[in-house]
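Across the two complexes that follow, chain A remains constant while its partner is chain B and subsequently chain C.
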Partner chain A sequence: MTVVPLGIPRRLLEFTIDGEPVRGAEGSTILDACRAAGKDIPTLCEGDTLRPKNACRVCVVEVEGSRTLVPACSRKAEPGMEVRTDTERARHSRKIVLELLASSVDLSTTPQVAGWIKEYEAKPDRFGPDAARLNEEPKVDNELYVRDYDKCILCYKCVDACGDQWQNSFAISVAGRGFDARIAVEHDAPLTDSACVYCGNCIEVCPTGALSFKSEFDMRAAGTWDESAQTETTTVCAYCGVGCNLTLHVQDNEIVKVTSPHDNPVTHGNLCIKGRFGYQHVQNRD
Partner chain B sequence: MDLHFGDSKPTDDERAAVDALLGPPESSWEGADRSDADLRWARGGREARDRRDLLLPGLHAINDRIGWLSEGALDYLCRRLTVPPSEAYGVATFYAMFSVKPRPATVLHVCTDLACAAAGASELCAGIEARLGLGSGVSVERSPCLGLCERAPAALAIKAGDPVRTAVSAPATVHDAVLAASAPDSAPEEPPAVMAVPQAGSDSLVLLRRVGVVDPSSLDDYRAHGGYTALRRAFELGPAGVIREVTDSGLVGRGGAAFPTGRKWQATASQPDHPHYVVCNADESEPGTFKDRVLMEGDPYALVEAMTIAAYATGAHQGYLYVRGEYPRALGRLEQALAQARARGLLGEDILGQGYAFDIEIRRGAGAYICGEETALFNSIEGYRGEPRSKPPFPVEKGLFGKPTVENNVETLVNVLPILTMGAPAYAAIGTDRSTGPKLFCVSGSVERPGIYELPFGATLGELLELAGVRERLRAVLLGGAAGGFVRPDELDIPLTFEGTREAGTTLGSGVVMAFDDTVPLPRLLLRIAEFFRDESCGQCVPCRVGTVRQEEALHRIVERTGAAAADDIALLREVGRAMRDASICGLGQTAWNAVESAIDRLGAYE
Partner chain C sequence: MNSDERRTRKRDRTPKTYTRLTHPLVRDSRDEPFRRASWEEALNRAAEGLARNRDAFGMFSCARATNEMNYVAQKFARVVMGTNNVDSCNRTCHAPSVAGLSAAFGSGGGTSSYEEIEHTDVIVMWGSNARFAHPIFFQHVLKGIRNGARMYAVDPRRTSTAEWAESWLGLNVGTDIPMAHAIGREIIHAGLANEAFIERATSGFEEYKALVEPWTLSLAEKVTGVPAAAIRELAHAYARAERAQLCWTLGITEHHNGTDNVRALINLSLLTGHVGRYGSGLQPLRGQNNVQGGGDMGAIPNRLPGFQDILDPDTRLKFESAWDTVIQPHYGLNLTEMFEAMEESSLKAVYCIGENPAQSEADSEQAVRRMRQLDFLVVQDIFLTKTARLADVVLPATAGWAETDGTTTNSERRVQRVRRAVTPPGEAREDIDIICELAARLGHDWKYADAEAVWNELRSVSPDHYGMTYERLAEHQGIQWPCPSTEQLEPTYLHGRLWAKDPAERGVPAPFGIVQHDPPVDLTDEEYPIRLTTGRRLDSYNTGVQSGSFASPLRRGEFVELCPEDAERFGVVVGEEVQVTSRRGSVVAPVWVDTALRPGLAFMTMHFPDEVDTNQLTIEANCPIAGTAEFKASAIRIEKLPVATIVR
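Entry: the complex of A and B
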């Protein structure tokens, strides 16, 4: 049985979002309050299982008295705060951020982003045909998963999941600086020469599909990947006694990907190599 | 941590460089030869993690000895410090002065930034490369501002070895720069720091009064010229008394943000969490700024004394002095000053017999403008990539190593000495009501006598330029450096105060005053500023990482265009610039567009 710690009762703070009074628990973020109030704020680098990195800046909102816009994902709510989520200023920054990303990164597998680009009337083409792009080739150096850094928005989530927030393997880091910064293992070596333990927890948190199962990558390349034809079944991993929840993504009676529910108190979305990738025995039909 | 290492081994030289810093390895787990004792050896937990801050000094040790960082060397350093190799690689590739690819032992950094560009840096670079040719054993690298603007164009040669050798050539000719690179030991000695102070000897000087007067290597000379009277006064006043004096003096930070120093000290001192730290930000990298270099080279003990006072006032017992990597002479002077002060009981367990303990560690930057941002500097000291943290929490609450920290610029700290010796009211009487005290200005470019000028706040831009002997046909003046703004030649009556420049819609920044005559092509200058920010963006947040690239592309497109042909790109620049200002994490991205915007709006560039 999992004991869920209730913690010390938290004070409720009163503040306003877009003029409406709201109440949020002390320590919660503006984003938490916005979501509770039904406001849709786009996020990319924010992860439900990770500490906010606030690197993408697509969730910026206006806070009365603040010189700059503030990231909703990480700014803690304060009593009396006046938050405005939909001002021209905030929308402008979100639009530019979307344009900057879409003009430099392949966002074709990023969920929701096409809708935001439309909503904010972003025009990534305006920077011209010569606008610098990442121009990375997919790194296919192992049988389990693919790193396609042309799709990487440098949200740091994989680094945090691999590092001290979850896996403590520290196989990857951000290397280089500025526009040339990339996620890499030491000496930019293949993954097979690194500290990677193939838990796939980086894939679990990747918001853009830059990290994907080899099975998904191959099916996309072959044009057979079809999420609408997939079922998701949550079950319990059979390998050890921990009892992690696995969600099997199945298409045409084949497991194509394995995730874990982020709200599962055992895994928080994390698995090990066996739970994540060791599913072939299930579908041995000979 | 269960770390994974590759098979690469360090060379004997690489191993020796690391061992010289960390001592010999204790076990095969740390890279020594295998022995039975290894079975009963462990270093883990806090003991292992606490050495992380030695990563940057370790990288310097290898780079100084070898000239670049090989896989084997990096792995060995990681073993010694229990640092994941991927993170060390991320740190090593963050800094411009390190290379993870083989390169010649000698690197010649040729400054191509604003003042040097106006003084012919690109021809100099081309000349040096032609003279050296291929296979010369010298790697020529185009560098951002080296902080030698009063002697533009400038070049800095660094020759790896034991010990590492450096030579500065400024003003550089092709011949001198090549000589400095090929034989740094026999290159002519740099002129003394006082040569950068045209007012030297004047009675009016407060901050610069000892520069050129005292022997910077002599503690006795420093004391004979009033040194350590301020610290004695501080001990009389007590910590709260010092903070009261600093608050009453109206001193505000001189690094560019102009935050009230007394308030910062008070906020740090009152934090219940301990230990407290004092950090001196001597990572002076704003193009056109060189005042801190002159202070550190000409009067190093003043900084040591001022840091001691700041620590005493805020309850800190450990200080860090982060000097930029491009300042070898300042580094040498400060190392010597710290050693002397320690030997004479002015640092250490019992300072001046007052029972107060304080010491200072020097940390050397490695070529990253962003590390001048206060929280990026903390990450750099701690052995992480120099990326800014998001605020809040502010450094006074969670700073270096997550502890309450007061971080001040060199010039700010040095101002504390006259505040204590002359008293807050006398100090506050200098300057204007809202900008008190003397201020250092870094004047360079199209003037007869470039250098550091000390004037009370309130002098006008015109008065300063007249003092420096501004040349004919002035086209523009850049205030505050690359993150500052341009003003026109008909705006010379702007008072040089924080409020005066703000009212005029510009900024004082770190005190840069760079004059350009009409021979300098403005669009090229703006393109160089954009290149600077693209190169120096840490890459953490999207508005800055991609925005600086898009701005540079747009400025590149319109470098030869004006009027309607440039209008679309200027509109694009404005839109991107606005988002960078609003949505970037730190001051770098927020100010990267300032200078270009001011050139378009005030100077009518591209009209």
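Entry: the complex of A and C
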């Protein structure tokens, strides 16, 4: 008979972060170790449920012996490694990345970014008002999702979540090449003409709010979106028997958004259209 | 025939949305409209109505509500009303799975966990379009496929699940047993049966061997319509796999012989030893959030909480002393039998909580007629559903998943916490409160401080749940039963005992099910040449009361789906309305053409009953063991409009 696979036992690796000795399991990343050690490394394209994409470079750190800076989110820890997270060179690089992104992309709905811009003294304005931007209106072509490409940093997380890493719908991809590269559905069509099944798993991983729920988008437009007034309660979906965990974001006794815990053994942060959007019936209160 | 209810030809694509009930409704006679009432008046009326029918009472509990509510509801039926007539809509979907699994293994739960399917070698999806009906479970299947597992889809329709399969076995509706028996015979004849496992852990093999012997691959090909080579390939893949998972959904259970279908599939796992090990198991996918839990809590006519048998005197004694009552030493009526009892007037009062049988039962018109005959009907729901509109008293409840605290149990037996996130509207009250108020009026003063108090009472009488405190449920993000200890967790799969060396530990051998092929009751003939099967769509759910309220870009309303060849044969095009007629009823529905169907096979859903009442077509031919109706196989004909001759 087969037994529960335990996998190969993972060794604990010893290395240093900023001169202090740390231990991390074999196969874990520098970022895992940094977070365990309480170091705040900014991340944008890193997704806890996705494989590292190495797109944004905002998490770079210095590793002794490495010619270039390394992305903490994907570089595996090695024994004896000497990692420095807060050197002039790493800080400078993060600052440039933040300046370039913030000058070309609308980061107004990106969590934490304002704090990082301040901390690294980034000055996105120094490229002047002519800095290249997409300058597009948000795409509102259905009642559930809004796509605002002005906010897109091309991190590909949505592509991975929609593709082979989770949803396997392959509705989202990259269209165009070089400077014209952008996230799109087939032939850049409206979402309603695509393979999209409206699971919202791309929105779940989007780091900047380029993809958002229409409920949130409308409330932001009306100036009523207030995260400080929202409660988050995790419960179980009321549809099929799979038992997905839903985190209900409630403002003024209205469900305004539904997410799922990323570490949940049933969902791993993913939901289907019914779990993500099928809540309206409880609040049809006249 | 309800011409008054037939809708006008002009179709409104926005589904009917329901508004929440905010206060109790009562009426003196069924001809009158409802009037608003105080809770006091409504509860008193409900108590009176139930009290005068104490010996003719049935409880429809709710597979959508929490475990705690189901526990209190079955206790109400057994203690306050003194009857085991308690059931829920699990009867219309997965009761055969429970009946089949418990006949084989003594326990009605699926044997493995979602995570195990990511680490298996062969996955068989039988009568299950999980890609649509259980999308997040299917993500685990996709992980398994990405990890190298081969998946086989057995389904009359080439569904979006089948698109991921190594091979699609498109069998004729209702030929699952011939297919399973042919697979079993092939495994035996190819010498691929796990003889050591059969010898040690099963019984009845010789009889099974004789049973499947006539089902050669060529005979199976003739009956099922699936090429012999494809059946052989599946048999060999399943039997040779180190680990294999066999998953099924309503394509197996919603037949007049659903339990036999389930037994036929279980036989294959016994033949190959694909049960009781990590990554090898049987996985029925439940259709509703708490179908598993409702049964576990005893909201079924033959089991007490913790899935303990009513016929066992020691079990009864335990509950009798815990509840200070006398429990009837026989099984109660199931949902289907309760409806039949209404016909004979031996069941005169029903307390219906959160169910909509007026639209969900097969042959829905008959169900409505039977409920109209009741002396007293009290409905407790969050909406004024079609069933509620038949009631004498309507009590406004809370939505279990978002407005109450409690737990539900999913398809992998995982008990998870449900939490209150929003305040219910108006005067709506929690189910448990309402039931306790009625119990008090009928002489039983129950005091539960909160849902956790109910849960702890359940823990004290159900060994399988004893180890699950609310604190531990939160800590582990849910715990799978059995969980007899507060200190440790059990393996993620059931029936590891079957592999034990010690015969005493191995326990009762799992019997092969000796089941015969029995084709669908509703035969196709010249008058009704098309086989209609039913199912779910991705964005909709059951009778649509719940899923109709959000603006789904995928929703296109109800259609009768035909294959391109049939559409051409009938001379109909997409969107054209046709008359769909079965031996029971007739509806008008527009045509959709789907290449996943085959000539002679049509598909409809029950998601839009206010638009197209599909269950007027379905047949109430029930599984004699589990009572589930044959939703999956009706015989129909399609006629262009206007229909030339009016057929009765």
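As a working rule, the second predicted complex is superposed on the first by the 277 of 286 C-alpha atoms of A that agree within 3 Å, B and C clash if a C-alpha of one lies under 4 Å from a C-alpha of the other, contacts with A are read in each partner's own complex, and residues count from 1 in each chain.
The criterion applied here is as follows: contacts are C-beta pairs under 8 Å (C-beta built on N, C-alpha and C of every residue); 3 or more make two chains touch, one makes a residue touch a chain.
Note that this is a predicted model, so its numbers are computed, not measured.
Because the two structures share chain A, they can be overlaid on it, and in that overlay chain B and chain C fit beside each other without clashing. Contacts of A:168 after superposition: both chain B and chain C are touched. Looking at the shared chain after the overlay, A:234 reaches chain C, while chain B stays out of its contact range.
Shared-chain residue A:16: touches no atom of chain B or chain C. Applying the stated contact rule after C-alpha superposition, one finds that A:280 touches chain C and leaves chain B untouched. Look at A:28: by the touch rule set out above, it reaches neither chain B nor chain C. When the shared chain is aligned, no partner comes close enough to touch A:109: not chain B, not chain C.
In the superposition on chain A, contact of A:248 is made with chain C only, not with chain B.
Between chain B and chain C the least C-alpha distance in the superposed model amounts to 5 Å.
Residues 168 of chain A lie at the contact with chain B in one complex and at the contact with chain C in the other. Per the touch definition, chain A reaches chain B in the complex via residues 54-58, 60, 68-69, 71, 74, 76, 89, 92-93, 95-97, 100-101, 103-104, 126-128, 130-132, 153-154, 156, 163, 168-181, 184-189, 193-195. Those residues of chain C that touch chain A in the complex are listed here as 17-20, 22, 64, 114-115, 119, 133-137, 139, 142, 146, 164, 242-243, 277-280, 285-292, 382-383, 399-403, 408-412, 414, 416-423, 425-426, 477-478, 491-492, 499, 538-539, 541, 545-554. The residues of chain B lying in touch with chain A in their complex are 1-4, 6, 71, 74-75, 84-90, 93-94, 96, 100, 368, 385, 390, 392, 534-543, 545-550, 553, 557, 572, 575-576, 578-579, 581-585, 590. The touching residues of chain A, counted against chain C in their complex, run 1-5, 142-144, 164, 166-168, 191-192, 196-199, 231, 233-246, 248, 250, 253-255, 261, 263-268, 270-275, 277-286.
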